[in-house]
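Look for chain A in each of the two complexes below; its partner is chain B in the first and chain C in the second.
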Partner chain A sequence: MNSIVIGLNAYRESIRKKTLIAFLLFAMLVIGTSTFLTVLSPGEEIKMVKDVCLSSISFFGMLIAVFGAGALIPQETDNRTIHTILSKPMRRITYLLGKYLGAQLTILLNLGLMAVLFLVILYLQSRRYVDESQAPFSATALVTMKAMVLVFFEMLVLSALALAVSTLSTSATLPVIVGIFIYIVGHSVNYLKNLSEHAPSEFMSIIIRQFYLILPNFSNFYLRNQLIHNDPYVPQGILKLFAYAFLYAAFGLLIAYLLFRKKDM
Partner chain B sequence: MKSWKEWLAFGALALAFLIPISLLQSGIDGDEARVLFLRWIDNQEAYEGQLLQKITGGTDDRTVEEKDLFKNVEDVGESLNSGFRRLSVREKWNTLHNRQFEPFYEQFQRLAGQAKIKAVEGQIEWSNPDVSANVGALVLGFRKLVADLLWLKVDQYWHLGMVQRMLPAMETVVTLDPHFIEAYALGAWHLAYNVTVMFHSLDEKMKYIDQGIHLLEKGIKSNPRNSKLYAELGFTIYFRKMGDWEKAAYYLGEATKYEHEPWVERAYALSLERLLQEEKALAVLEDYDRRHPELVMQQLSMARLRKKLEARQVEKDGDLEHALRIWDFLRTDDPGDVVAPKEFLRIKHLLSEQHRGASRD
Partner chain C sequence: MPAAIEIINLTKTYRSLFGLRQVTAVDNLNLHVDEGEVFGFLGPNGAGKTTTIKILLGILYPSSGECKLFGEQFTSSSAFAPETADSRLKASIGYLPEGPYFHEFLTGREVLAFYGRLYGLGGQNLKKRISETLEIVGMEYAADRLVQHYSKGMRQRVGLAQALLSDPKLLILDEPTVGLDPIARREIRDLLLKLKGLGKTLFICSHELSEVEMVCERIGIVNHGKLIKYGKLVDLAFKDRAVEIHVASLSDETRKKLEALNCITGKHETGLTSIRLPARQAVYDVLDVLKASSTDVVEVLSQKESLEDLFIRTVKEEVA
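Up next, the complex of A and B:
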């Protein structure tokens, strides 16, 4: 219960932050202007809109997740409000879970707003470029929602890891930089898979492969692009991806708790 | 001591998360690899069809291992589910999870690792690990966006007349996004039409047409269930550019197997008509007419096809004069018909032979 109260409070604080509002406005601007690009790509207008919108939602979503989750604890430490909260009879894990919940609500709100604008743009484009082979808009809306859920899964992991780093830091700079770094690593982790297949020895191959398996792999969520482009070859569903995101987020929170539980405030 | 025990407990807890995470990651990778296996099977089925109809010129460039593997997969697939070839992606996916496919799947992975499997593009991380995995990873999940922006660059190169720059850029676009259908379709059209007009030498023209064909074939390998690519290759290249009705009919026929635009069936019927298979063409159009009663284009073609069949019947009955009149009507009625003038001349020739024979008698 305490976690929910802290979460709602963190959410109220976050949505007032100018940085997050600026990111949201930038994202809306990019999504809104994606229609202009269609003029340059005859024949692939809707594809262009989908790619630009989904990429900007993913990118700005990442910034919102990193800034939103990474700045929560350092900000409270800076304002010294953390002392009044932690002096109450409350477990630190409750506090952490509350903060994480608040960050998720902020991310959900932002992703939701971006998704609505994305759908509006898609609807207008689908009316403008009528194609007999295109699926009806209701079907497009459904896959768009699925793709947005995958973006959220990615943010779920990223924000948990950013929160874990933020427990170490007194300013928001470190968790933000590390968060962006994790995002880059998470998207480049397939290098390791490639490397393990070409390793000079069996031993090295196993070691590299184990690293590959435990590092956060955000390219898993790249499936959103296939979904949104109606690639028929997506028979596997997204259940495993949800389990992966959920477990990784829980792991991130475990690290956060480890670092935070005995931190001298 | 307490702290040591605590750390041990946390270590165990961390392992309790990391082990299922790594298992899940293996499962996700396995799914991706199985999807690639599924794509490969679809590709092989399409390729075998081409070999049977001599579309590829009859030369099978697959390795012995690849052919054997496909044969085994098809045999097991048919024994488990009759009509394995015609199954939808979901049904095939479920069938492929049967234990009997396990050794084939492992063999597929081994052969792919040894580069003994050619007929697959699919996910770029897999198909060409030395080059494209790195390109894909470099753009951090914005692969499709980068492909789109590069595609705009291709368009810019075209307007600046920099054809030589267009080609590598187009290759990169489809490497980054193997499912960018319009890049294959528009790219091939550029190569076969706009670029060829810049050259006078027939060899040079053919070089670019071949590159266009190669681009579309590559697209089909990556997207074996996309009708647009088959239709483009069949109609835009083989039908309109090359006048190769046989290949046009094959690819347009393949295009009709998947979700397609209505014109594809009409084009398929037209290519069959050019192959003098009027009965089959009429059957295609009659079926089309039943499903699209609101469209009228096909009714004209059907009327002409019936006339052609009538001409053939009349010819069979020995009334060449009547057949000639029908073909004469057909050639003047539609100057775009390439069959009617030839048939008219053929019948005319037969008639003159007949008259000559009669006068000798």
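Up next, the complex of A and C:
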């Protein structure tokens, strides 16, 4: 129950943050103006719109997730609100889960707004470039929704890891940097495998392979090809991907709890 | 009856990242606060007061030693100690931090609703408690204003209200009157006395020594993390203080006897003869001499030390 109280409060706090509002506005601007970029690829206008919009949603979603989740605890530590909160009858895990819940609500709201604009743009584009070979808008909408759900799964993992790092930090800088690093490397995990095989030394190969094994593979959550080809089939299965994301998020929260449990505040 | 607070051999050492530097904020502290007592916890800046309070609240963890609240172990230095007992015991504590800070986007009433829910309050009961505490601290008029528009004193009052929300048995107040105007300070002092009358245990950490003197029964003075003075205020304030006896007149023989007892005699501005005693322990010996010589004793004055004098003297003695 206390987690919900903390979560709702964290959500109310996050949606007022100027940084997060700026990210959302930027994302909306990029999505909204994506139609103007179609001049760069005549004949592939819808593909272009889908590509730009999905990349923007993933990128700005990542920024919102790492800034949102990574700043919650350092900010409350900095302004000392955390002392009053932790003096109340509540376990620290409750506090952490509450903060995580608040971050998810913020991410959901932002992704939701971006997804709605994305669908509106796609709808307008589908009316503008009527192509008999293209699937109907309902099919596009279905794949788009699936793509958005997977972006959210990715953010579940990223925000949990950013929250874990934030328990060690006195400012949001470290969790944000680590979060962005995990996002970039997480999207390049498949390259890491190749890199480990062609590493100049055995030692480097082992190190890179450990990264490959430990880091979440975010390319699983990126449905670019399916979206472009209106293919609703998700190779790994949505439930499996949810379980994958859930396990990584749970791991992140476990690390956060172990670091935060007896931390001097 | 178990003590409301029992601190046993408490030590807190802050270590730098690689343990190269360490600072002992609390050094083998032992303290006992009875239920229903008003205890003043005093000390100069950096003495370890806030660290002790934070350990009492489970915000910091001790390096060694333990704290018991109402007879139950509350915080432990063990990394594997469960949090459950802490959580349960916290329900009986109200805490006002120094210079309380609240979420700026909330109104005073919403702040109280937030903290009230963390105590498990809800529905009509929560609304009732919010109204009651707002009335107690005199903040009904500004309850629906955003906290960001509050003055320091208003924040302090809301801080006190949130500490009172759960009707706790123990109130830990860190500088409860700081930033308040004289009228508000008097109101808070009256409130503390009222809470004392209701049988609440108050653990007050303050630099406003005159306030502490008016409210607290016992005090503990800490410096460099160590408890250097501890006991009933009345005992500490009178202990080792000089006593002066005023008599109508003094014969030479009696004067010599008194001087043999290390007393200093002289003429007081009122025309009476004054006898300054070296220590209050000598008062009965001196009175015996005066009685034997049938000297007319006009008054016996015990010079009480103010808490401020006591505090400054104690800290200076400790430093010396």
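Just so we're on the same page, the second predicted complex is superposed on the first by the 236 of 265 C-alpha atoms of A that agree within 3 Å, B and C clash if a C-alpha of one lies under 4 Å from a C-alpha of the other, contacts with A are read in each partner's own complex, and residues count from 1 in each chain.
Operating definition for what follows: a contact is a pair of C-beta atoms (placed from the backbone, for glycine too) under 8 Å apart; a residue touches a chain by one contact, two chains touch by 3 or more.
Every value quoted in this text rests on a predicted model; they were computed, and no experiment measured them.
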Once the shared chain is lined up, is A:12 touching chain B (first), chain C (second), both, or neither of them?
-> second
In the superposed arrangement, which partner chain does A:244 touch: chain B (first), chain C (second), both, or neither?
-> first
Using the touch definition from the top, say if A:86 reaches chain B (first), chain C (second), both or neither.
-> second
In chain A, both chain B and chain C touch residues none
For chain B, which residues are in contact with chain A within the complex?
-> 10, 13-14, 17-18, 20-22, 24-29, 31, 34-35, 38-39, 89-90, 93-94, 113, 125, 129, 133-134, 136-138, 140-145, 147-148, 151-152, 155, 179-180, 182-183, 185-186, 223, 225, 227-228, 259-262
Residue ranges of chain A in contact with chain C within the complex | 1-2, 5-6, 9, 12-13, 16, 79-93, 261-262, 264-265
Flag every residue of chain A that touches chain B in the complex, lowest number first.
-> 37, 40-41, 43-44, 47-48, 51-52, 54-55, 58-59, 132-133, 183-184, 187-188, 190-191, 193-194, 197-198, 210, 212-214, 217-222, 225-226, 229, 231-236, 240-241, 243-244, 247-248, 250-251, 254-255, 258
Contact residues on chain C for chain A in the complex?
-> 14, 54, 57-61, 79, 83-84, 86-91, 93, 95, 97, 99-103, 105-106, 114-115, 117-120, 159, 162
